[in-house]
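Got some structures for you, see below.
Below are two complexes that have chain A in common, paired first with chain B and then with chain C.
Coming up: the complex of A and B.
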């Protein structure tokens, strides 16, 4: 701190600290009440019950937690994980070439191109998904084009299938993969690519053994940013999928709105959080290890 | 010489495959939005046959009191959430960067929670809190939830800007006789103004478009526009939604352009860096 060099100011240190504390206090209090307390409430209600009228009651029973062992829930959880992971993989497959193309060939249009990717993301999520579902519909432009070139027949469907759900999730969240990957590629030392070429590696080998390892932190960050919303999404299934594709977000929504079983809904919410926290811890351990290696 | 040129050409070789994927990606990114915009001008109800240009669905929207009420509510919620989260978030960012104490480390952690929590969880949590406190879900509860959600955005954006600000300008102001509080008010805040305005515009756009949080915390009537859209599109084709969606799209793009332009209008860098993901 600049002040330590000036003895007269030392007396003002306490006053200064007080000002910063006063500035932090309202926001911290707000977040504690409206965020932390409410999350604790969800965790607590997961151990509650419902009375005969369907009203939630706090308690200490493990019924909701044991109910999660129900194979039906396990199927939905595994399906959600599966869809989220496939979404993540597809996003990686799209984001790597796109980020690479813009970073290496974007020239002075780089920022414009990235902005062109970010701007649709700010369009209303539901409207975008709705437009996407129209494009993917049975007589929508995509399937008509595929049928015209013989890649699909009359019976091919995208909506109401798992593919449709994943397509929805990818469309919704691919931007979260592209931005960190692009940032990582921009930071990357391009002489590495030239070095790879100098060592007679082909474009594919250079990409796989130079570019991918050099940008893996961006990819890892992108995976976390895609997995988080993809796991909790319930709109994609409603617009692109059918009852056979429901995800954990749909279950939670159902327990709170139709089923009126809030304790069970809370338990499912905590389950979702637990799965994501596990993934997050894995990510943090991974990045720590990367950083430790970088230091070494 | 020749070898050097050969290498240069090698490094600049166009990644044809990546470029092809990028072209397809951009097409798929914009086609759905194009469909919504195009069919908002369709004279028929169909979503597959474009029959002729008409403003019919825009007219239908302007006559739809339910949608107009929802629009009004969304605008009110966004304005209040913007004001509330900017005041709380800017103060929090200043305190977090300048003051280092235990409250700060706690606040720093709490502030990150919304960013690593899926929205459905924060939505459920907010709903339970309001119900637990016996508060009827209404426009007010949506506002409270949206403020909570937005504080993090404002703080994250402002935090890096405050950190980039030289604390010595405050010291200089104080050497010239200002109190610490005056220094913050007269020197620090004006220096941060472009970033503050940009984050305010961004929060407005995000809150206006937010669906999940609004869905869990809204009461019966009026409902936020995105919640109305959700119930409408679940029941099949609703051409009016194309018109509403197009208008929202134009609004969001305008706001984002504004948020990006604000720092330039002030003639300096360091406003809102959407692209580097900071």
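Coming up: the complex of A and C.
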């Protein structure tokens, strides 16, 4: 037999490689068909037109690309970036203590506590946001309670303000910050914290100069996970924003669903992706540098 | 765009979640072309009104009383397989992608688009026992602009657009679109999150055609709407919830939404609904059978069944929209007694008060105007 000629270790290695190839195949196929194909479709449609029935048609016109020069899109894109960055910052402020508390003091309840944070997010995003908009409405429970204790007056509003939109975005995406931060803290060498204390650093100093740098990769991963969906989100604005809070996701939604202008919607989608890609490249560069330093 | 079901929040959820379906519709992509000549001939052939399979039904969620479905299933021994859409665009995309349904409910504008594109099957009204109550009583629908001689459609509901407001906070209004600029409502005014409806406010204020796409007209429209923008609290199609939960003092609203609100309001007298003297956009949802419907006979039977007086009454009471069927007028009048302007009369059904389809360039221009108004 041919195989008997091969040393057994080499044969085992080849079989393992074949197994890995087979195991990777479904995922690769899935990504190719559903991610790449739809990306290619959107990218090519950005140069397309619309027929009299409103159906999109492939073509090669630059109208949709030149239409992006409209200053309205720049304003809205910058606004979206602003909201996404503020959301990231607020998520960091919320997630750090939560992740820290669970990782350091969770004990045998760690998994239960993480589950308690994650499970509510199994409910549909839209339904949760809709509920949130009811809570924050003018006659809703939160403002009624604040008015009762004198912290708000009849004119205080949360809905249709930037605060309302950020509140919605933070509520929607904070879990994406907590989980990577928690994972980073779990992996962290806790003797560093003890070392910090030994060197007479207070808890805050230790946290800022030991814990935060040691978990910065988790924070960076969390920022990417929050920033990306927050930039493209449209539900938060739809339910909690006003005319001055319109984000790029809302305009894209309009192009597809109201104007039936899929080509322009595709061009806007590509613009958004280009901006997000820049952020993603920055993140990859940073993590590669960190890894190189760690190896050294 | 279109009327709301009683549980409007669910419709709003669907609207807000439209992008969730984006991937699905994009997969179908609506790139298919018009059907061939043989397909067209088949779509024009008359359909027998008889059970030829289960009914595959495609409509807004909650737009027919469940008891009516149950009655149909029981009487004819067929199942009703339901699916819902969240926008006319979504519905058309599914049809274009080759999904097959027996019955759909386009608005007037979409009925025109779909029938012109050869997507709808011809309906022989002579074969429907109850059609006379529609076409014999409502002349307008005998030969509407969107579908000559109603060859492919039967009207289902009618509605118009006006202003809903909090009477307890603002008192009486003047019956004009100018009311949206009311100083007392400043910062608590909503307009619908709908391109045609919002641009229509500006067009009607200037006496321009409702769906104008001329650049100088659109400039005037956007200028006017820009002056409204600082007074706006938001773009939202959730009109009655905005009024009920106190977020809005005044909102552009579909008549049927206001009628549906009556069922939920503790005290309806604190609310009002008016249509403006400059004009109230009017619309109609229609029954239509797609050209490639697998069971057109059952669909015809369903239309006939829906037009029976007892079912018309049930549906009007369930969804809050009037239907152009003789004998149903009293049912609707009783339902909207506090908001008499919800009525859609023969005088309201004017060609120039319907949203019309434009050319591709015209639609693009309107689209740009809408972005201008919305993004600020």
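Just so it is clear, the second predicted complex is superposed on the first by the 253 of 296 C-alpha atoms of A that agree within 3 Å, B and C clash if a C-alpha of one lies under 4 Å from a C-alpha of the other, contacts with A are read in each partner's own complex, and residues count from 1 in each chain.
Here, a contact is a pair of C-beta atoms (placed from the backbone, for glycine too) under 8 Å apart; a residue touches a chain by one contact, two chains touch by 3 or more.
Because the structure is predicted, anything quoted here is derived from the model rather than measured.
Enquirer: Name the contact category of A:244: first (chain B only), second (chain C only), both, or neither.
Expert: second
Enquirer: Thinking of the overlay built on chain A, is A:193 touched by chain B (first), by chain C (second), by both, or by neither?
Expert: After superposing on A, A:193 lies in contact with chain B but is clear of chain C.
Enquirer: A:254 in the overlay: touching chain B, chain C, both, or neither? Say first, second, both or neither.
Expert: second
Enquirer: Would you sort A:163 into first (chain B), second (chain C), both or neither based on which partner it touches?
Expert: Neither partner.
Enquirer: Just chain B (first), just chain C (second), both, or neither: which does A:287 touch?
Expert: neither
Enquirer: Once chain A of both complexes is superposed, is A:127 in touch with chain B (first), chain C (second), both, or neither?
Expert: A:127 contacts both chain B and chain C.
Enquirer: If you tally the residues of chain A touched by each partner, is the higher count for chain B or for chain C?
Expert: Partner with more touched residues of chain A: B.
Enquirer: With the two complexes superposed on chain A, say which partner A:76 touches: chain B (first), chain C (second), both, or neither.
Expert: second
Enquirer: Would you sort A:114 into first (chain B), second (chain C), both or neither based on which partner it touches?
Expert: first
Enquirer: Would you please give the residues of chain A that touch chain B in one complex and also touch chain C in the other complex?
Expert: 38, 41-42, 126-127, 130, 134, 137, 139-140, 234-235, 238-239, 249, 252-253, 256, 262
Enquirer: Give the list of chain A residues in touch with chain B in this complex.
Expert: Contacts found on chain A: 1-3, 12, 15-17, 19-28, 30-32, 34-39, 41-42, 45, 94, 96-98, 100-102, 104-105, 111, 114-120, 122-128, 130-132, 134-135, 137, 139-142, 171, 179-180, 183, 190, 193-194, 197-198, 203, 228-229, 231-235, 238-239, 249, 252-253, 256, 262, 265-266, 269, 272-273, 276, 280.
Enquirer: If we count contacts the way the header does, which residues on chain A are in touch with chain C in the complex?
Expert: 38, 41-42, 49-58, 67, 70, 72-73, 75-76, 126-127, 129-130, 134, 137-140, 159-160, 234-235, 238-239, 241-244, 246, 249-262, 264
Enquirer: Okay, in this complex, where on chain B does chain A touch?
Expert: 7, 10-11, 13-15, 17-19, 21-22, 25-26, 28-36, 39, 47-48, 88-89, 91-92, 94-96, 98-99, 101, 103-104, 106-107, 110-111, 113-114, 116-122, 124-129, 132, 144-145, 147-148, 151, 155, 167-168, 171, 180-181, 184, 205-206, 209, 211, 216, 226, 229-230, 233-234, 241, 244-245, 248-249, 252-253, 255-256, 260, 274-277
Enquirer: Which residues of chain C touch chain A once you look at their complex with the stated criterion?
Expert: For this pair, the touching residues of chain C are 9, 12-13, 16-20, 22-23, 25-27, 29-32, 87, 89-90, 92, 96, 113, 116-117, 193-195, 229, 232-236, 245-247, 359-360, 363-364, 366-368, 370-372, 374-376.
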